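Paired with chain B in one complex and with chain C in the other, chain A is shared by the two complexes that follow.
The block that comes next holds the complex of A and B.
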């Protein structure tokens, strides 16, 4: 099917895009279009206007700031991030999530900003952003910027903290994790290119003896927003991780889950898989933090 | 900045297989529809129309994209290569030869997309492993071959292209 008719705007600056967003009632921002155009073709969405962000310069970059933070422009392609040595070495969890995101053509078109603003509950990147303690930068007219922690960005399915018709995501900022940190991303899906049935991002830092100083365990596809398994994090805190402890953390972290049932998997199955994946992710993240596994 | 009303037509210029073309299209026109119905490039196919099958894959500014997931107006000013652009002076591209020799197609419907995904893969990675080839074509569904011969063909094409470079 073809999309319903819409007006098309291709601004060349963030300021113009925001002005249009405010002026054009019901307008949607078009980034890579790999979700939005699909929804429009199915006529699940029929926005009266599209504001195409692809002609705006200066929103496609990955760079390291002096203080160890990494800044990523919202229109940076998945593929550019997946190929980035900086992302691969500093944030293996994010690299793994990108490697397993869609297929090559989707990665050649889709953008990090588009994915995060779309906030699909089973998308790869949202749990990773929460696990890495990312900061998301929203722009408003007049050059105003607001920073939103990833923890507070995803509110519900397809719903974010961005103010409708007034804000757009322009940058993702990733904080430095100390030496002795590691992370991983794991997902179960029927095929690689499918959305996940369950996905887990785990990130942690350990001391010289391998005791967990800080950890983040975040699940996707099990709730309407990324689910932070704080009970699992509490079990890990201050301890050396072994098989038994990882199992205990996974049990605690998934106990209160009430995942949805759908055509892909039942609620019960998702919960069982979540337990297994959380345990595996904790073990791998810990080994990486210790430097004993790539 | 371009501002185009819903019913208005937008003037689009695209360079397809080395030659510039112009067309007036509605904003909602998909790139694949402009290529096929307006410009006459019927090599890229429409399979699923939902962004899954990859039959409509073309190269846009050096990257493989599904042309059913890009608006024609977004391609304004772009360089596009379709499967028709592989052949040079009546001679098949090494990828096309290798698909032929390795029986990498049966019905042939997915082939234009498979070829363009393979083309992008080899442009970035001239000597891919089997795993890298399988990863490279994961966005292209084939319902006939079981992929085995497609993987073989891409491997063979990589070898042909390396040999051609050496000689």
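The block that comes next holds the complex of A and C.
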């Protein structure tokens, strides 16, 4: 469990990190290291150089902007986010995803930026970002910034819209959802600390009668990128949610899934469970939006 | 199948008159824990020696392949590399590892590094020793092996079919051994029984997953010509002959040392391959060589349990009486017979379980496959056999419309039949097993849960209740290996101990065992304190085993739940002898009338005149220094060595013998709820009742029960190895091999009944393994939940997908 030899750089600014990333061919950015170092120790990855982002100041924060958006620095730890009252009250789906992410040791080191840039199809946060309509901010040399909607950020397994060797993720921006909104994150795994077999993030806003104005239902672990169950969202749109409607939406939203099989679960099982989790997540998100359930 | 004869009972009966019962049974703080909880344990990786070099291995990516060539040139150019050996290099330096199997399996050639071909994924192909572990791993990753993949066999039944790929060409078959047992008139019972119930069961493949992986530091001291091997082997004396032969050094020159061991669970019985390799390399380099397994290496290639498939028939009466069992079993022992096929005899002979079953037949095959070699994992062989019998009990109960607790009650061995002799000559020592079952059912509110199960079912909730009984046969009689290989010169099951009162009046104890977290320092100290009637804090038990200072036999070690029945018996005997000597010296020193002296509370006084007294410290000083004050002619010093020998015998021509000294008893009652939509099980209630004879320390006993439950739960719901048809192991790290965490293990209510064993001087029985009872209990509960849907579980592992398929009535 020893990695192959590599060079190590510890820049103190985003600009220096980006310069190194451009100069050092095949270099990898090191954030919390919770995925990267494990892969290196197993020698599944052997990057010639690591660029450690931990000494760059100003990338660890959660703050509310004037316009109701919440901005999160890319190097903010899972644990800091899990403890944040702002996240817990505004985005319960995200709080639940963080609470159920790995174990405390992982949460003490892992970062939101590291997780999103790594784009593991089973990671907790990517579906939540898509469900919340997050905006991801990429930095380039010379202070240039580019904002990428979460919908467009995750391209494939371990592949993002970040331009290789030129861009790094520096910030996550979460939009305000109107009053009468609610969301949840649900995950099914054999052990609590595991990557999910199936996970669902659901977020919605409802009108005074409980009719769904807008909803987002996004699954993880069932495809190579977060899977937005638009067919489910369409079923919900304009309706009051009850058990039957949630079941109908779940059926529609998971009909076209072709999830992978692996040692933990078959494609069949993932699809069965996806249906169940989507149904349950819709019901809870709706109840939260209505303010009838915490 | 009846109460044992008085002659046999008297042979086994032990004298326990030296016990004072002042220190036994107390929840004294474990002596080991103070260092362990502070991170001050002494593990192999803590051994740091000057000029130490580090080993790493290149391992086979194939399950079965011919080695056409190995090119080490790239690896050799890595800076810091000191030595690279392939199988061919090893062949020049040592003989193949000895085989305990009968012919023709005995023809298998087993080297710690593959020669000519690889036989399982992860098999070591080359060893690198370098200045650092990094350099060693860099070099190992640059060893170029030219493999020619061969057809693979991963299924025990297919392995015996004609034309199956041969794991060992020189054996000519994949059969390791075949044993046929037949005790009692099986045919008669099957002809005359009211009915026959059948089942096929599979006990799956998993491992013990200890916190500390296999590790060794071999240190050859050229000046003293002594090889010191710091290891974490559970029974190092069993392997000293191999080390001695491989190194061409006599036993007094090979020092094998264990200290703290971070769990073993049986997996560390077979790590001698690394002991041999590190020792040979240390002798070659004249430097200490360290090797510590990675987790992947441990999960992939250290030791798995033998998978077992059984076809079982039971001859049953309408009233639920089980008359006889007939079965055919196959063990998948993997690529080498390094510990197995021992499982063919351990408990195979008492697979009648805890029941008054009159006759038993077992046609038993052990088979080579292209998988990791197997060994005895916690609950070894008892667990799979008790799994079969407990699964059968549930099936029979359902067929008869009986409650599963009731059918067990009806068949349990009765207290009036104790000590009880099984059809195979097994001698169950003591216990009131029906009483234990009643107590556990009551504590678990079994009837209440049955009512609740019905109620909740009407609300669409799925509840299952498992009730199983099990046993830890403990303190094995090694002569049982003669059942598959009559030529093996290895019989009985003994253990040694030294108890010395040092000149300062303190007590030093060494053990023959190599504990891996079982608290031997604690329980040995309690027995010594109890017998000598001195303070627990004055007893110092040496950590681990040292072949230069410990008293040993060739059975010495920690496996088979043997410490309480054998190890503590040796400790008792040594302490009792020391007490006699202390009494003689004290009586002389105090000049007690009639020589009648009492040793009590660290003091000695004349029974007739308690004013005439002395503390034992003075006696100790006399015994070592002021020797002229001792009784004339008495040998100075206060050393006491004992080796406990149970009255074991070899199996007779019908393979009848008692193969364990004590038989602990346990009852587990577990309630599970299953999510009807996902198949996910959740434990709602867990009650474990244990009768392990006299409890030496309840903290230690309860800890073992907790561990055994966690382990069983892990096997039933979380831990299972998955091999594909090409012999690739698909889960060889902790991301995919799901060892449960504290979040998965439920709160466990532990209850006790305490029936001292008449066959050990302390009355204690072995109990650490738990007999796999938790596996059976959890599977029984899951099956109980699924029973209304007609669902039956064939395997000892039920993951949510298996459960959901049954709920949905779909096959995989």
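Note that in this section the second predicted complex is superposed on the first by the 294 of 294 C-alpha atoms of A that agree within 3 Å, B and C clash if a C-alpha of one lies under 4 Å from a C-alpha of the other, contacts with A are read in each partner's own complex, and residues count from 1 in each chain.
The working rule: a contact is a pair of C-beta atoms (placed from the backbone, for glycine too) under 8 Å apart; a residue touches a chain by one contact, two chains touch by 3 or more.
Because the structure is a prediction, the values reported are computed rather than measured.
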(Q) One more residue to check, A:50. First (chain B), second (chain C), both or neither? (A) first
(Q) Going by the contact rule stated at the top, is it chain B or chain C that touches a larger number of residues on chain A? (A) B
Q: Check the residue A:5 against both partner chains and state whether it touches chain B (first), chain C (second), both, or neither.
A: both
(Q) Between chain B and chain C, whom does A:193 touch in the aligned arrangement: first, second, both, or neither? (A) both
Q.
So in the superposed three-chain picture, is A:104 touching just chain B, just chain C, both, or none of them (first/second/both/neither)?
A. first
(Q) With both complexes overlaid on chain A, does A:42 touch chain B (first), chain C (second), both or neither? (A) both
Q: Answer with first, second, both or neither: which of chain B and chain C does A:269 touch in the superposed model?
A: second
Q) After lining up the shared chain so the two structures overlap, which partner does A:151 touch, if you call chain B first and chain C second: first, second, both or neither? A) neither
Q. So, does A:214 touch the first partner chain B, the second partner chain C, both, or neither?
A. neither
Q: Across the two complexes, find the residues of chain A that touch chain B and also touch chain C.
A: 1-2, 4-5, 42, 103, 192-193
Q. In the complex formed with chain A, which residues of chain B make contact?
A. 1-7, 10, 26-30, 33, 49-52, 54, 57, 63-66, 68-71, 73-74, 117, 120-121, 135-136, 138-140
Q | Complex interface listing, chain C residues touching chain A | A | 133-134, 137-138, 141, 294-296, 677-678, 680, 717-718, 722, 730-731, 733, 735-736, 738, 740-741, 743-744, 799-801, 804, 808, 810, 812
Q: Could you please specify the touching residues of chain A with respect to chain B in the complex?
A: 1-12, 16, 33-34, 37-38, 41-42, 48-50, 52, 54-55, 79, 102-106, 108-109, 192-193
**Q.** chain C-facing residues of chain A, complex
**A.** 1-2, 4-5, 42-43, 103, 188, 190-195, 263-266, 268-269, 272-273, 276
